[in-house]
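First, the structure itself, so that you have it in front of you.
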Amino acid sequence: MIKVGIYGASGYTGQELLRLLLRHPMAEVVFATSRRFAGKAVFEAHPSLIGLTDLRFLDAPAEDVAQSADVVFLALPHGTSMEIAPVFYKAGRKVIDLSADYRLSDLGTYEQWYGRHASPEVIPAAVYGIPELWRERIREARFIANPGCYPTSVILGLAPIVGSDWLDRSSIVIDSKSGTSGAGREPQMGSLFCEVDEGFKAYKVGGQHRHIPEMEQALSGLAGERITISFTPHLLPVSRGILSTIYVNMTRSLKIDDLLDVYGKFYRNEAFVRVYPKGMSPNLLSIRGTNYCDIGLSIDVRTQRAIIVSVIDNLVKGAAGQAIQNMNLICGLPEDAGLGMVPLFP
Amino acid sequence: MIKVGIYGASGYTGQELLRLLLRHPMAEVVFATSRRFAGKAVFEAHPSLIGLTDLRFLDAPAEDVAQSADVVFLALPHGTSMEIAPVFYKAGRKVIDLSADYRLSDLGTYEQWYGRHASPEVIPAAVYGIPELWRERIREARFIANPGCYPTSVILGLAPIVGSDWLDRSSIVIDSKSGTSGAGREPQMGSLFCEVDEGFKAYKVGGQHRHIPEMEQALSGLAGERITISFTPHLLPVSRGILSTIYVNMTRSLKIDDLLDVYGKFYRNEAFVRVYPKGMSPNLLSIRGTNYCDIGLSIDVRTQRAIIVSVIDNLVKGAAGQAIQNMNLICGLPEDAGLGMVPLFP
Amino acid sequence: MIKVGIYGASGYTGQELLRLLLRHPMAEVVFATSRRFAGKAVFEAHPSLIGLTDLRFLDAPAEDVAQSADVVFLALPHGTSMEIAPVFYKAGRKVIDLSADYRLSDLGTYEQWYGRHASPEVIPAAVYGIPELWRERIREARFIANPGCYPTSVILGLAPIVGSDWLDRSSIVIDSKSGTSGAGREPQMGSLFCEVDEGFKAYKVGGQHRHIPEMEQALSGLAGERITISFTPHLLPVSRGILSTIYVNMTRSLKIDDLLDVYGKFYRNEAFVRVYPKGMSPNLLSIRGTNYCDIGLSIDVRTQRAIIVSVIDNLVKGAAGQAIQNMNLICGLPEDAGLGMVPLFP
Amino acid sequence: MIKVGIYGASGYTGQELLRLLLRHPMAEVVFATSRRFAGKAVFEAHPSLIGLTDLRFLDAPAEDVAQSADVVFLALPHGTSMEIAPVFYKAGRKVIDLSADYRLSDLGTYEQWYGRHASPEVIPAAVYGIPELWRERIREARFIANPGCYPTSVILGLAPIVGSDWLDRSSIVIDSKSGTSGAGREPQMGSLFCEVDEGFKAYKVGGQHRHIPEMEQALSGLAGERITISFTPHLLPVSRGILSTIYVNMTRSLKIDDLLDVYGKFYRNEAFVRVYPKGMSPNLLSIRGTNYCDIGLSIDVRTQRAIIVSVIDNLVKGAAGQAIQNMNLICGLPEDAGLGMVPLFP
């Protein structure tokens, strides 16, 4: 059994790591930390886990727990992770960081979007962890920068075509919609039930969301040239899920069957990407609670645009599930171990 | 008092007409029809109206009720309206048709998207009813084609700039999201609570939605040249509201203050359009139950795109409210009579 | 025009007072206070009110604003209101306090459930404000203790029968369910969207909710004898509304028609209570945004129990609407002035 | 591997059986029937299962498929099941019927509440399947009447105390609230999103719900005397889950610790019942997607009542999960095989 620690386990991502790891056949959670719930039973923060674990939250310095786990997940806000991750990494642990702190390989870009970085020396060790795209590099890594939720949906949605010769790479418009768990569990007015329920809004409109450089870095790498995107996030009145609607101009007319064929081949051997047949469009309800990324494809012949709809569960493929998929890879386990969930519908 | 009849009053649009007209200071509902609820009290279909009206639903041929009202609202599906509207129109009534049947001035376009038209001879009499844009023509009309919900949000969102010299008119991408009441009250699996709640999906992706020609007709008219748009509708797990996120390429860099200025001037005297100050983005919750169209503006300097976010309540400004605004105009009443609702939040 | 001030106007109750008062034909809001939003425009806290008012929030001591309004609404938490209300009252203003601080006439009971009272000398001046039951006393009052949301639904539901000879007054079981706005707008984990959405729970089970003494005081007064109730509140995943299901044992068999008759007569002249015909059961959706209390009645002949279902909008009849109804009474205005809202459905 | 057939697999219960059985380590679904979706791939009715099964829906007479499965689940409406179940039973299959048709052992009671029974001769073979209460009888059965959703929550909630000497058995009041999936997947106006969302209502008030005789039969059996209950169901705006709040009078004062002790001992060895510690109250969100029944206990010393709150997922412990638990028992498999789901929160 792999021994696993979760640093920052009282939020939604921490809870989701626990939900999945408690049923992982080859991993065992040995510690879970929380400042707010220090000393309390895990079920006091996560009542759904009552009876499923005897763990209590620690509020321990990273140094004190660094030896007890083989793999440490950091479910911390950006800015905090950069203080903690190096301790585990330098202690020889395998580290999977779910914050944004190590996702951008260019320090200047990081500091432009997020502010000063406290441990830039560790950035080069971090491998950006979308297994479907960079599986081999992940396998050899000891430090994973787990991707953001929006970026996972967008990068998987565009990867098969972003380098195609028929794609106008200056035309990419991404309209994304996220469930509210993406805003985290810290009490704030904008996340209250009454502020979200029956509502819907765009936010950080006009190229302001911090996930933009992460998407551009990955897409540029895949395309082999610098790509700039328009990205607009929206807040959905649902708990889980991200749906990204992606618009690209085609410089020549592609047939829908050809587009389906490109995606079908690209993801042929992937357990967690489901490319939909013609005419079907994915719904958040079809991937809830699972590690799937579902992709639907259309072509608007009137305007010569391709439209890609990509959905994930932001807490699973967009966070905890992909983190475990990465753990499986860096620990030499079957990539899908502990990730065999069937979507919960309705 | 203006005498008003509602033909097809048991659905959501019919209900909304009743909700608003029951408090209209200068109008009185004299009949409401429904096949399904014929003979029953209005509150049996609309329990919220218990105690507010003694009306019973009729199931009467148009001929029989044509004389009893000054104005008739048709809240019928397309295809049905075209059979009924001519009866009222030819009987000299003022007619406000909320279906799609008379919105397209070109018969060929109508038949291409909707199928055969049963009363093409009446089409030329119909005036497309967005008062903010075509107030004078509406005032003189006796037959209003009340706009669709998606088109209202999109046309008001683009009207101030669609003819601008800095706008790349081939670049318009519209990503719209609608509440479920837009699907009507007919029982169908896709509208069940369990199929919508916690879900989100795109539908009719790839230029297939029937509101496209209506938007293109209006936008082309405003711009003075033929415009083709990309339009993708999505289904939101809320009852009411449409939010359209509209992306346009700019051929030269506009400043956000200039854009705000253009919209501010364009809608300066409009009671029902609220242009937001810089940095504010509209939310469905801010217009619920009202006739407002709220518009937020942003510029993405990285990609030289303007992003317009336009929200309406699909049942009010997108249907019954705008219909009453049109009624006020064609009856010579104050345009905002009966439409002074303050948004319901939360 | 009556000049109205709102002390504590940035929460949900304050917002609801603004929503209703902005359309009140005989009242004008002259000030609104908020510590958190001091100096900001009202629309910064309440975006739905953008364009509807030019007011800015003050953070002014009660002393400073006491002279500027004829009537002051206090939308403050209990414990705070007791410090502020006496200032306005002693300055000769009409005061409508929406907190719990002056609802209990017995100081000992107050201090047992809520803690120490800072201004017990004002308690005797306060009149408990359910107009349907104590209209005349309210008319003559200058200080209204506006009832709690749960109590309003329960007291109106039981008032017609609580003194009946066929009622077993020891058998009253009240199972109430409230929307989340009842928890207020202060950020707290339990009110986050993800903690409420798709959830449902009981809370303060076992006779622990602070609204119990308020209900028992009113019901005992109506019955002329000491009544003890079982009351269990639940949290509903909706923004607005309270539904109370009330069970009482009958010492002899009553017919449903007789029960309907009792309620029908009791509320015959009431504008804001709608007693449903046999077989209809009220829904939160039927009173949303309005000052109605809707009541449905049933008899379970198998167990000789009567079941009363009573629904209100907690922010309207359960707070701001009833407060305005009280204002109308103490100011000599028509009782329903500014309260003619039709329910918003769906 | 046990070969399993599902008769009536396109609704929510059928879908839930598929969701769970597709991951059951010792069972394999060999057929799934549906009239509406006959010939279509399972994912056309259940898009969430795309890629997880190659099954197509059959529309086959029971006779034709009776030989192909070891166990047949019937997920049919009452009235239909009674025509189909005997075919499978008489062909020697193990049958688990999820309808109400075989739950009542007394034919007269059945016909009083449901209408004429087409196969009364099979009733005596049916064993009512709540494993926690009647495990040994279930193990020996070949025909299981799978309990209703409301009854499962209520019977498990009351079983430990319904026969206690301190319980006033005439005082039982049950206030239950169910998610909308309980209404099934057949399109009907009352189940539309817009009719349920933001709403809440009681229905079949006054002892009219057909689950009453089922609860009374089980509770009477457990208590050893005839019990009559008050039961009021309500419709919650959530997809999944039932919460029952149960009130009972105590003839002498019990301490909460004693009550906790009774339940703790009663369910000590049960994998799927979680009795909560003092002060915790269960939430639908804590059992979503799982086979748990969570129980919270309180005592109202002011009124000498015990209050039991019992929650289940209506589609799992209230239907498909309990059915599989029963299958495991009658097939000699570990009782929890395939039922190790962790709750999905948020």
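For the reader, a short list of remarks on this structure follows.
The chains carry the letters A, B, C and D, assigned in the order they are written, with residues numbered from 1 in each.
Convention: a contact is a pair of C-beta atoms (placed from the backbone, for glycine too) under 8 Å apart; a residue touches a chain by one contact, two chains touch by 3 or more.
Worth saying up front: this structure is predicted, and the values here are computed from it rather than measured.
Among the remaining chains, the Cα-based centre furthest from that of chain A is the centre of C. Among the pairs A-D and B-D, the greater number of C-beta contacts is found at A-D.
Between the Cα centres of chain C and chain D there is a gap of 38 Å. Per-chain CA centroids place chain A at a distance of 36 Å from chain D.
Averaged C-alpha coordinates put the centre of chain B at 45 Å from the centre of chain D. Touching two or more other chains at once are residues 12, 181, 194-195, 197-198, 237-240, 282-283, 285, 288, 346 of chain C. Under the stated contact rule, the graph of chain-to-chain touches is complete, every pair of chains being in contact. Looking at the complex, you find that chain A touches chain C at residues 12, 180-181, 185, 187-189, 191-198, 237-239. Partner chain D is touched in their complex by these residues of chain C: 170, 173, 175, 177, 194-195, 197-203, 205-207, 228-230, 232, 234, 236-241, 243, 245, 247, 256, 281-285, 288, 296, 298-303, 305, 307, 309, 346. The residues of chain A lying in touch with chain D in their complex are 12, 15, 19-20, 22-23, 46-52, 181, 197-198, 239-240, 274, 276, 280, 282-283, 285-289, 294, 340, 342-346.
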